[in-house]
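Naming follows writing order (A, B, C and D), and every chain is counted from residue 1.
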């Protein structure tokens, strides 16, 4: 299992007239957190794209338990529970406020595709190599 | 069952560097379509808020089947399959492009809450009255 | 002079916790209105891009006179006061609410550039041909 | 003069199909930078709102010199050149990329208004007290 966390400060732009973060913005919070999770491995999603692989989102699921507010410093956790199979990789996310309350949970399924022909492909070695350390059973197999 | 459809023109602002609509924007597309669906009943979500009821989103699920592109005129369908139970109402959404291809499906669960004390409440009569015509079995019961 | 108008319904996503449209969203309102203005000429901005010309925004100026609110049906006017010179085209915008009150004014300066080499270029014939009817003095010159 | 800087990582959500940050997102970048600038003084914009003062944006001017790209770590500078007069406060902003290139400049004019009656008001003492240290001539006057 691989886990990483990043902090995100809520912008005024992200609130709505209910006085809370508009639900649609969590997709971008998750994206930012995934990006930082990959960076913590020593590579970046930009590197992956530069190597000819795109990772479009194909499923998004979010449960909103408690609202986030303007200027909250959110902790967004990214969890990779399982080694990616075939062309799929699923990240789980949890959002906490500064008081440690769980506000939101979600998961995002992405595909690995070749930028050139848009065909599904397996996880690029660039990412697989970095991820192996986080999955000891993979290294030993 | 209650169904309504609305058209949404994709803005440049909504595309990303993959050349498609960024996945996070579908939440707002669904919201706009729900708003038009309610308007087609003869009331508006603004009316509902003005009557002291808020409808926060508590669950969002989306499957992205095919990408939408800049300037596409999307048809976003809103479907209410079941009569709301207690404080919950679930809308289903389908997004089609001009060629009639299904691009995206999703569902959104919202709660009815009192603006005053944020307590869960039942569907307001304002909405229930308008919805009854779309659910003949409800009228007869 | 060339003028066109389009209607935009304010989404909940576009409001902020002041209960009004967040100021940053007007850029996308203007963009949508420009797109419809070009469409009213019989071509689209997508056509222009497909012909190898990009039109990046290089200046944006907005004055916010009165707020817009959720569910307002805004009328966004696009005005081209002067025939584009060299690689520049400046659109003026005005936003009105349903009561006819002027809410916002702004202007957007864009460049014509070649997608291939990003070099500045003159207005493409595709657009110039359509615009000429709106500028009688140009036709006669 | 008061100056502060903050870093903002560009999200995929903020790019468009030109492969650069969509121009409309700079308004939120500026807002985030202003918020951090105020925080650097020892208070927050949230504190100001909690004290009954709102600060709506009334003018926004941006010049886009060079594009920002996905995953760029932008440095957004906030500059208060003049002591606020009456109900007005104008912030200047500059955006730099990691190579130190100036990408964008802009200014934002905001009003101080009372949340209660929406009337224009002077800068709240909460902010004025903190700002004085940055304007020696004000302290001495």
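Here is the rule we go by: a contact is a pair of C-beta atoms (placed from the backbone, for glycine too) under 8 Å apart; a residue touches a chain by one contact, two chains touch by 3 or more.
Quick caveat: nothing in here was measured; it's all calculated off a predicted structure.
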> Quick one: which chains contact chain C and chain D both?
Replying inline: A, B
>> For the interfaces A-C and A-D, which has the higher count of C-beta pairs in contact?
In response: A-D
>> Between chain A and chain B, what distance separates the C-alpha centroids? Give it in angstrom.
In response: 26
> Taking each chain's centre as the mean position of its Cα atoms, how many Å separate chain A from chain D?
Replying inline: 29
> In whole angstrom, how far does the Cα centroid of chain A sit from the Cα centroid of chain C?
Replying inline: 35
> Multi-chain contacts in chain C: which residues touch at least two other chains?
Replying inline: 12-13, 18, 20, 22, 24, 27-28, 31, 70
> Which positions of chain B touch chain D when the two form their complex?
Replying inline: 12-13, 15-20, 22, 24, 70
> In their complex, what parts of chain C are in touch with chain D?
Replying inline: 18, 20, 22-28, 31, 54, 56-65, 67
> Which residues of chain B touch chain C in the complex?
Replying inline: 9, 11-13, 27-28, 31-32, 35, 44-46, 70-71
